[in-house]
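Both complexes below contain chain A, partnered by chain B and then by chain C.
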Partner chain A sequence: MVAFIGRRIAGAIPTLLLMSFIAFGIVRLIPGDPAAVIAGPTATPAEVERVRSRLGLDQPFHQQLVAWYGNALRGDLGNSILLGRSVVRAIGERLPVTLSLAALAMAWTALFGIAAGVMASVRALSWVDQTVLAVCLLGVSLPNFGLALLLIEFFGVDLGWLPTGGYVAFSENPIGWARSLILPSIALALPQIAIVARTTRASMLEVLRQDYIRTARAKGLSRAVVIGRHALKNAMVAVLTVLGVSMAILISGSVVIESVFSLPGLGRLLATSILTRDYPVIQGGLLLVAAGLVALNLAIDLVYMAVDPRLRP
Partner chain B sequence: MSIASIAEQPAEQPAGRQSGNRLLSRLSRHRMFVAGAVLLGAMLVAALLADVIAALPPDRMQFRLRFHPPGALAWLGTDNYGRDVCSRVLHGARLSLLIATTVAAATAAAGTAIGLLAGYFRRIDGLLMRVMDALMAFPAVLLAIAVAAALGPSIGSAIIALSIVYTPRTVRVVRASVLVIRELDYVQAAVVCGAGHVRIICKHILPNSLTSLIVQTSFVFAYAILAEAILSFLGVGPPPPIPTWGNMIAEGKDFMHEAPWIALFPGLAILVTAMAANFIGDGLRDALDPRTPIEPARG
Partner chain C sequence: MSTRRKPGRADAAHARTSWATLRAAGLLLAFLAAVLGSARAPAGGHNGHLIFGQEAAPLILDPHYTTAIATRNIAMHVFEMLVTRDENNAVINGLADDRTVSADGLVYTFRIRTGVRFHDGRELTSADVLASFERYRRLGLGNALEPVEAMEAPEPATFVIRLKEPVPLFLENISAFTIPIAILPADQRDRPGGKIDMVGTGPYQFVEWMPDSHVKLKRFPDYVPDSRYPGNAGFGGRKVAYLDDVTFRFMPEPAARIAALETGEVQVIEDLPLKAATRLARDEAIKVHMLRHWWLHGAWVNATKPPTNNLLVRRAIQTALDMEEVMAIATDGAYELQPGFQYPGDAYYVTSGAEYYNVNNRARAKQLLAQAGYAGEPLVIITNSSFQSMYQAAVDVAQQLREIGMTVRMDVFDWATASARLRDQGAWNLWFTGHGTATAVGPADAVRNMVSPRPNQFAADPVLDKLYGQLLRGRTLEERRATFAQIQDRIYEQVLFLKFGDLEKIQASRREVKGFAPYRMARFWNVRLE
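What follows is the complex of A and B.
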């Protein structure tokens, strides 16, 4: 088991190196000179050069890359050009927002996705099934920022039940925190709920056809036990794969949702940094997000093994 | 385009003609596929006839008619500059369909080429797939924003950005099917007969991996419609005077209360188009998989 985890982490290193290389390359392709922006419109060329060398941007690409890797290994991702603080701190401030949002959206996804999928599969082709499938189709075709605007308009403005945007830290006010995240997390989760529900339904239909389900029913087990313990447990392997992918998509989708709801999260930080050419934040943030996704995939593999003994090494 | 190409593709092989006809008949009985094809076809015709259907050009500002609700004067209302929303939605459709079609085609071409190479020549598989993994490790939206920002906001950069984002996923699909097909007996037989790599790939492996590629491509089209709207919404798509569904929603979002139609109609257009593409993808998947029964009774 330890050897397996070690191998997986070692296998992720080339991916992370390549990824950070790509991130490093792309941000330098963005037109515009950050040194000139920081130095200000009235700066003389000499001042711009001074800023450039302070940021290390005057060095060749490969030297910047090596220096950055060296510092990253020591936990130093450099300083933000525009925010006046270290990249680690800037990300640390934003991370709880994105993690709260993604965690809540993930909870909706797992809860409603699996519940709707199971309900649809045990009453296949009934009106329940048809309704779930129709809602799923809407879910995967709806632009989630559009849904977000509708939710804000309806629940935030017309009914006034929930805030239209902004974030309240959990430590400040747990109820305010939950209220500030309900609408964004629903808007973020809906497409994923749809995908998870469809997968659960398909996977359950496959399992419910198996002989051992008939056996379980024949020996008189209750409906709940047959569906919950016998069918769902086996249908979960396919669902877990999709949940893992969902988590990655939720992180990606948070960029848009955070912008719509003005949540000060990591996705919005990175999107803004790309547009303002804040190189260190983009590089550091993307590296962290990618490392997080690699860790997530590893965690999913471990859960697989816990669920399905056949997959254990 | 994809429907015609599947119908034609097996015709090259003498025994395949019948299966091509069978596929068409299976597709025509698939209610969702038919609905999707009709919706997408209608959207395409409306986009092409945008100048005929909408009386006003999309950028004509009429300041006395700002925020005019939908009615006889302007079918879908006017926006904050008094521009005709209907005209803008239709002209936006041209752009969205153009971008999504190009992205789907580029992704299919690049994905097939890289997927075939990776699946067939195992020596370069490791390297190619690491690069694809690295691209997929980026959150899709951020990678698209970064590429679009690097290239400057324009139609072309939106196409390139989205193609880069979605190609790795298509590569995976194609490679997976190549890995299965290359081990099949008839491929081995072709090797024994002395067929070269190019012949084996083009004649034996490619035609049989098309199924999963076609299905994947129709979903890429749906993603591209949504993703282009996201890029425009965030301000890195084609710049504002150009009407796109995404930047119409971005402009309309400030008037959601007073004039909801400004953002609502482009939103509906995105929904309908993406749903039609999903219908087509589901239909193709069902029709191409002989194990799925298709009865008119089941949608």
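What follows is the complex of A and C.
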């Protein structure tokens, strides 16, 4: 198992190197640079050039590349051109927000998605099944931006139950932290809940038709045991795949929700850095996201092995 | 015979599972009760804690190193200027107690106010002023100090600037708030751009900055309000910090800002749509504030690229446009039409060139196109998706010009890319933009980018260049105003810039907020909560 993990990590290094090179190059191909952003649209070309020189952006591409890789190997991802702080610090400040949001959204996704899918499968073609399918359709159709605004209006303004935005750190107030993340995590999770529910339903229906399930019922096992212990476990392989993809989407797709709910997360940082051409933040952020996805894939594979012994090396 | 089977291991497991499920459900319910039932954390509105919902998050807080309004909103509570602008944009003393200009216009002498302290307790002296001006000049983002030959602080309360040649608008330039010359402690002199300690002399002092979340300021207890003024005077005046603290919360989504205001989570917000403002105006708990003439909306015209290299084509475009329609579509109704490149009430407001503005004559425009020999060459419009009003204006202008027979291509980029394209002479005919601060600062800034050495329309206009030089050298306000009238007329006559109209900025506050007066920054001095 250790060897397996080691091989996977070793295999990820070329991927990350390639990813970082692409990120480094591609942002410099996009027109515009942070000097123009800092100087402003009414600045003269001479003023922009002065700022560009001060930022070191007039150096040749290869010099900038070598400098960046050299620092990155030492754990220094450079300084944000616009934020005036290290990229590591800028990301570190925001990562807990995005991870909290994604983790809570993932919890809703797993809990409600699997539960809904199981309910629909054991009562296939009934009104329960049809209701779940209809809600799933709504979930994937409704843009999470629109859902977010509806949630804010209803739960925030009309009922006054939850805050309309902002983030409270867990260390500052755990209850406040939870309150600040409930609405955004639901808005973020709903499309994934729908996808997981559909996948669970399909996978369960496939499993429930198997002979061993019929045998288990014939042996007198209760419905709950048959579904919970035998059917669901075997249906989980497909569901785990979707959960892994969902987690990646929840982390990388949080920028809209973070903007609507004014959450200072990684999604907003990356989006802003792209719009303002803050090269170090873009490079560092993309590298981190890539590394995170590699780690996530590895984690999912390990869970597969735990669920299905046939997959163990 | 009983048919009831004996309980087996599976049933015991089932029972354990049921209990576990019940326990989990109970915990979940308790958690939800705690979360939903907990009192909403004090969000402000009580005991002098105010939260302002600001649209944009600042990227840096160094006022010397950015033109961003998001920064200025915050920084100008912490820092102050030597000279600044009042409500009508006139130059007034700030940290300067008094100022004199030598008869030859080359030497400016400022006496610094005494008893002013920085937030770290040090007393302000001319050495701090000198260091701030030197840093500003070194960073080079603003060009107000280009005519300066030397600066010195001969005594703790005296600051002297010597110019290379007379610049009648020098005080306007150094009091401009586009990139304000904020006064920092002398030890900040050599700090790189964006890397200062947030220590100033303002009525509020810096507490914390959580990027993308908020900046918090608190009352500076040793602040001494400037008794020369009765109350607000633009960026200066008599400033009293009644609030214990002010939190600038960054909320990019307008609907979320409005919702937060309605629930009382924030007490003041900026930038709400007119439709929302109309609805909120009916809410007794909320007061809406309209700030007229916030932003001049228009488009640069490339006078070198066909077809706009032909004056008749440029006139045709100018003649065709219905500015009422452009602005109504661009702004959802919060606009005013007026021809000036300054705003009504400003010292330099003139209406010359008005006969060229909002002509809205399609037939005449088609005649001009025919006269010009226009043969369908594509007119390239560059706009951006970052500012909706610019994007929407471009869509409407493109349609109006198609209706007079022009071939129009619209290129939409994000702001950074569009800004880069501005300097590409072959890339556009019309480049959509908005001028807020530059116009508000004064006439020279308003037209600076139309004159040599690098006019945005790419073709130098010798007449305009000469008039601009005359403007800068005009010894009296009347002289400069008369020159500006000629400048504005020339801009219209040569169609160097298409002005559409003026946007309004809409802000709103809760009724318990008293003393909030809209201005070119959100000001929280002289504001209290009741």
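Observations on the model:
As a working rule, the second predicted complex is superposed on the first by the 290 of 313 C-alpha atoms of A that agree within 3 Å, B and C clash if a C-alpha of one lies under 4 Å from a C-alpha of the other, contacts with A are read in each partner's own complex, and residues count from 1 in each chain.
What we mean here is this: a residue touches a chain if its C-beta (ideal position, glycine included) is under 8 Å from a C-beta of that chain, and two chains touch if they have at least 3 such contacts.
Keep in mind the model is a prediction, meaning the values are calculated, not measured.
Taking chain B and chain C in turn and counting the residues of chain A each one touches, the greater count comes from C.
By the touch criterion defined above, A:Ser259 lies against chain B and chain C together after alignment on the C-alpha atoms of chain A. By the touch criterion defined above, A:Leu137 lies against chain B but remains apart from chain C after alignment on the C-alpha atoms of chain A. Look at A:Ile300: by the touch rule set out above, it reaches neither chain B nor chain C.
When both complexes are overlaid on chain A, the residue A:Thr272 reaches chain C alone and has no touch with chain B.
After overlaying the two complexes on the shared chain, residue contacts for A:Pro31 are found with chain B and with chain C alike.
In the superposition on chain A, A:Arg94 makes contact with chain C only, not with chain B.
Legend: residue contacts after superposition of the two complexes on their common chain; A:Ile152 is shown touching both chain B and chain C.
Of the two partner chains placed by the overlay, only chain C lies in contact with A:Arg179; chain B stays clear of it. Note: residues 30-31, 149, 152-153, 157, 259-260, 275 of chain A belong to the chain B contact set and to the chain C contact set alike, using the contact criterion stated above. Touching chain C in their complex are the following residues of chain A: 30-33, 36-47, 50-51, 54, 82-84, 90, 93-94, 149, 152-153, 156-157, 160-168, 173, 175-176, 178-179, 182, 220-222, 224-225, 228, 259-265, 268-269, 272, 275-277. Those residues of chain C lying in contact with chain A across their complex are 5, 10-11, 13-14, 17, 31, 34-36, 38, 40-41, 43, 57, 59-60, 62, 65-68, 139-141, 143, 178, 192-195, 210-214, 249-253, 255-256, 259-260, 262-263, 265, 386, 413-423, 433, 435, 438, 445, 448-449, 453-454.
By the touch criterion given at the top, residues 14-16, 18-19, 21-23, 26-27, 29-31, 125, 130, 133, 137-138, 140-143, 145-146, 149, 152-153, 157, 248-249, 251-253, 255-256, 259-260, 267, 270-271, 274-275, 282, 286, 289-290, 293-294 of chain A touch chain B in their complex. Across the interface of their complex, chain A is touched by residues 130-131, 133-135, 137-142, 145-147, 149-152, 222, 226, 229-230, 233-236, 249, 253, 256-257, 260, 263, 267, 270-272, 274-275, 278-279, 298-299 of chain B.
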